[in-house]
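Encoded as structure tokens, here's the structure I'll be asking about.
Labels for the chains are A, B, C, D, E, F and G, by order of writing; each one numbers its residues from 1.
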Amino acid sequence: MSFSSQYPILLEAVPLAFAALCPIVGMWKRKLCFPFSVAGVLATNFFIFSLWGKVTSTNTVTYALGGWRPPFGIQIRIDYVGLFIASIIGAVGLLVLIYSWRYVSHELEEEKCTYYYTLYLLLFASMLGFTVTGDIFNMFVFMEIFSIASYALVGITGQRRAVRAALKYLLMGATSSIIVLLAIAFLYGTVGSLNMEDIAGRLQVGGYTSVAGVALVLFLIGFAVKAALFPVHVWLPDAHSIAPSPISAVLSALVIKMGVLGILRIFFTVYTPGFADLSGTWNALTQAVAWCAAISIVLASIMAIIQRDFKVMIAYSSIAHIGYILLGVCMLTDRGLTGGLYNILAHALGKSCFFLVAGAIIYKHGFRRITSLRGLGRSMPVTAGAFAVASLSIVGLPPSAGFIAKWYILWGCLQKHQYAFVVMVLLGSLLAAVYCFRVVYYMFFVGPYGDGIDEAPATMFVPAASLAAGTLFFGIFATLILPSLGSAARALLAG
Amino acid sequence: MSDLVSEFFLVVAAILVVNAFLCLYRGAAGPTIQDRIIGINIVNTKTMVVLLVLSTFLGEELYLDIALVYALLNFVVTITISRYIET
Amino acid sequence: MKLKAMSRTVRETIPLALFLFFLWLIFTEKTNWEHLLLGAIVAALFARISFFMVGGRLDPNLNWKVALRFFPFAALLSWEIMKASWDVLTRVFRPSLPISPRIIEFDSILDSDIAKTMLANSITLTPGTVTVEIEGKRFYVHCLAQEHESGLLEGKLERMVAWLFAEGPDDMRGLR
Amino acid sequence: MGSVAKDVLTVIFGLTGVLFFIGGTVGLLRCPDLYSRLHPATKCDTVGSCSITIALALQIGLDIALFKIMVVILLLLVTSASSGHAIGRSAFKTGVMPWHKKGVVPWPLKGEDRWTGR
Amino acid sequence: MNFNRIAHNLNYVSSVVLFLLGLYAVAVKPNLVKKIMGLNIMETSVFLFMVSIGMVGSGNAPVVTEGVKPATMVNPIPQALILTGIVVAVSTTAVALSLCIKIHEHYGTLNASEILGTGGPF
Amino acid sequence: MDWTLNLLLLMLLLATAISVIRIKDLLAAAVVFSAYSLVMAILWTQLRAPDLALTEAAVGAGVTTVLFIITIYRTVRKED
Amino acid sequence: MRKAIVVLALVGIGVMLIYAVGEMPPMGDSGNPDKVHIAPRYLEHGEEEAGASNVITAVILNYRGYDTMGEVAVIFCALCAVVAILNREKPGLSRTSMDVSGVKASVVVRTTIRFLVPVIIFFAVYIILHGESTPGGGFQGGAIIGASIILFTLAFGLPESTRKLPLRFRIPLESFAVIAFLAAGFTGIVFGVHFLTYLMPGLSEYAAETIRHIMMMVIEIGIGFAGGIIFTSIMFAMIREDQCELQPDSP
């Protein structure tokens, strides 16, 4: 077996190894933790991006762990969507890690830094594992790792509100994990398999359809909590606004996307759309999710407008964007699905940029009120500029990635003649414009202007600026990935 | 082992479980925390004996290890609680 | 000097290692040579580790004589335990519940930790008495009824334990 | 020993064990305070489990499982006595007064301060 | 509903009841430690459910010994999965309890309605 | 008979779970919770899962209960 | 009001679940879907394919070894989380309220624990080493080791325990389980087979089986000791009380 065919497993094993070695390195020399973890993430990125060529040529890359044939052993299955999300994880993870160096050494006690990097690497590794696995129980295990790591990272500062938010997050997250496990139990009891494709094949055969339907509902509830969909989003504003800013960025950009990915996998890989006996339940559930998503767009945007705290506003905006993504997915047209997937990219870049900017401002000045952002456009030009560019993407204006995503989502809604959703998406964009440009207004057009430039350190503004540049890049050169994303969406819809 | 004896042991196990029920009343209702610990301690001992009986009855010696672990961990919990109460 | 200390360590570890090896034989139920070798290695290793954990020998008062004397002691003790349980059983089933508990205290002749532990455990397991506290040499015992109290103060158990560990004044030792 | 005699002995020992266990339960439920509840808890249960073990041992015969059961029972003897003591001590240290009949002095009171501990 | 079969699947039914009890504790009980206990009860109920799925009537433990045919053994897969599940449960519990300790340091109470304020679902 | 034992154990399990939820004294609830784990373990021997019984006895009755007790002693004991 | 809503939702979920349970295949039937698909192969060939007569061990170490790697990562993650939230104990400075109160454990308890701790740890090691043929395995043994160390701490105090198990000894052991798993996996990669394959190609049958046996045992030992040390560290971090920290070690 050639070394390059081992890449699918090295993708998760390498960051995990770095995570396991990190405390030992930290025990030896605490300063070395940061370069060590950067090395780990860089190596992982190498493996991720080396896989692109293979996946685009063969559509799916599979890897049997332990050499066992798929239904008997665990299988890693990397399709286009999985690799797409894995690449986002790799890139955003690297930038945020570089960003967190100064931030963490400023905010945390020295003793906690080692464990910050360890938990970060574990989070990173487990998200990658979740993305590429082809086995539902394995998915659950990785879900638990990144959940526990993110509970801890939310509360790592040990401050009053941080611990509270972490516990709130933990109670909801653990409940949802149990519900997912229950769903796995139901599904296993009726089909006797854990491999996703194998389950799909055996569900087609039929038998015990109603139990499988209940399992589908439970899966949906569980992953919806992880993704912070409308009725169960309550943990998100607290957790995302109070966590350390780099962690907020990762949580908003990547971790809630894992819930979306879970829903995608369940809807399209396990319970395929062409599934005859359950199609009634399936369609009803997609409709329900679409409505929840649409409601969360409008509601979360309104909530974001009335916030005074900068980070809470960004957190509410995340809920709205999860709504966009799921709305696009649940339109069940190839355009809508493409738009939803593209919005994962656009939102990951834009939202992590937002949080990094917020972190830089907190690092420099220590305030979080929107009204106190006055004049930052002069004193911190790069940071504020990055915010302005990223807000284009969040609002969905050309020439940004968010525009392409929203355009496709709208197109999907129009294909299905769902005009109510069109109105809600447009309303959501309008509201987004209000809350984003209010901040931009305060930054650039309201005095008093400070004297001279007082910029954040380079390791902080460079990641933010490059994320903002990324939104523009993927807006202008959208054709780089849109066609293959479209074909991936068609493949998902075909089952 | 004759059928009669194995039936007998099953009856013994069932009686012990019923007994454990009654002890649980003390565990749930006992006025002081020590009362509860005593009740739960008895429940645990009974559970352990039920395990011994079951392992002999089912002819699986595997369960003896479990009984041993019970005996040890019952002790751990009791000592932990009483040690914490007395300080 | 160092060698001497080492040899002492080894000598004191051996009984524990043998005991652990015996336990290993009971646990594994297998007698092929791989398992025996594994057992020997693990027993030696863990005897050493526990030596380190408890900071020296398990107890300085333990020796082979005590181990030999333990068997008659155990036989007597189990007879006492049986009597005790029967007594408690009859009391519990009597509708009038004939108990009149009180706490008594007495000074023991025993000195070492292990002897006190043995005495306390024996008291706990025998007629209607439970040791509730030991302060130095002073024992506080909860008695269920008058008979138990006098039985305890007679000191039979104490003499048995004193005999077991060869402690206390000579005239107080002995099995009766 | 004939098989029938063995079975009869087994049943006798088993019934004794059950009797002791029931006695423990009844004692636990009937006794007035926690100190007196400790007595059935530590004694009757130990004897009951020993008795049932003998019944089991008769059925198993001389086997390695028998040794294992004996290890369990030895452990039970040691731990039940120690944990009974630990529970009693925790109550005594926190100043729980023993229940007593009228006219009986429950405790040779030496200093009042012992009872005012936490 | 298939009541006959519900009565037959007693383990399933009791695990559902336990699940609901745990969920009730998580959602309604004000004390955080109680909530975590409810979480644990929920987890064990799911474990019970899953292991019951793999049960075979009058089967044997899945350990290869002489005189036991593989056909009469119970299904080992749920047991192996639940082993992982127990580890996950105890890890979550440990993290949750350490957060509780930290919360008590800051707030001096573990009452959820005092800490989180009313209005949230938890 | 097997079925009866199973039923009894399930009832015991439910009874322990209900008392865990109902008891106001958290320390007592933790103690009863350890009994819950032990009953669960015996149920698992009934379900022919010795590995799980061992794990539940070691983890549920040992580690989890000890963690609960430590937490309760560092925080508050009475539920209010 | 809120309670009423919750109860209503619970009733809804309960009805749904009871309905699903009623539709499930009858319990204990050997013709159920889960018993005809994958399980028979594990049961029939588990011993020779995976090298463990306890089929559960075969499944968790071999067929689904990747899950177990995740499981080990979960406890490692939990340790990091607890330590990041509560901080490590400080060597020689950390105390518990028990140590400060001056109430020593009863002499009975201390002596009993002194005798029991070696036996318990030894029993745990037996459980760890015999996971292949009898119930038990790394994780269970680890939990028992953790329990025995907590007993030791209760009897002799936290300073004594942390002196016996210092941080520089515990930190490498904590990540030992993950490292052992990954090392087994990377050995496979070096030999050019899939990750977590235990049978190496190009060796004689006896050598390959011996190597497999050794690798599985190393993993079990790794999980066991790392698990025990992880539980110990979690408990130390939770027991330690900050207000007692400033009192120096007694000489």
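The rule is simple: contacts are C-beta pairs under 8 Å (C-beta built on N, C-alpha and C of every residue); 3 or more make two chains touch, one makes a residue touch a chain.
Keep in mind the model is a prediction, meaning the values are calculated, not measured.
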item	value
Label of the chain whose CA centroid is most distant from the centroid of chain F	A
Chain whose Cα centroid lies at the greatest distance from that of chain B	A
Pair of chains joined by more contacts [C-beta pairs], B-D or F-G	B-D
Where chain B and chain F are represented by their mean Cα positions, the distance between them in whole Å	12
Distance from chain F to chain A - Cα centre to Cα centre, in angstrom	38
Rounded Å distance, chain D centre to chain G centre (Cα mean)	33
Sites on chain C at which at least two other chains make contact	23, 27, 29, 120-121, 131, 133
Residues of chain D engaged with two or more neighbouring chains	38, 64, 68, 71, 78-79, 82, 85-86, 88-89, 91, 93
In chain E, residues with contacts to at least two other chains	10-11, 19, 23-24, 52-53, 55-56, 59-63, 73, 77-79, 81, 83-84, 87-88, 90-92, 94-95, 97, 99-102
Interfacial residue positions of chain G with respect to chain C in the complex	106-108, 110-112, 114-115, 117-119, 121-123, 125-126, 129-130, 152, 164
Touching residues (chain side chain F, partner chain B) in the complex	1-2, 4-5, 8-9, 11-12, 15-16, 19, 22-23, 25, 27-28, 31-32, 34-35, 38-39, 41-42, 45-46, 50, 53-54, 57-58, 61-62, 65-66, 69, 73
In the complex with chain F, residue positions of chain E that touch it	10-11, 14, 17-18, 21-22, 24-25, 29-31, 33-34, 36-38, 40-41, 44, 47-48, 51-52, 55-56, 58-63, 73-74, 79, 82-83, 86-87, 90, 93-94, 97, 100-101, 104, 109-111
Residues of chain B defined as touching chain F within the complex	7, 10-11, 13-14, 17-18, 20-21, 24, 27-28, 30, 33, 36-37, 40, 43-44, 47, 50-51, 54-55, 60, 62-63, 65-66, 69-70, 73-74, 76-77, 80-81, 84
In the complex, chain G residues that touch chain D	103, 106, 108-109, 112, 115-116
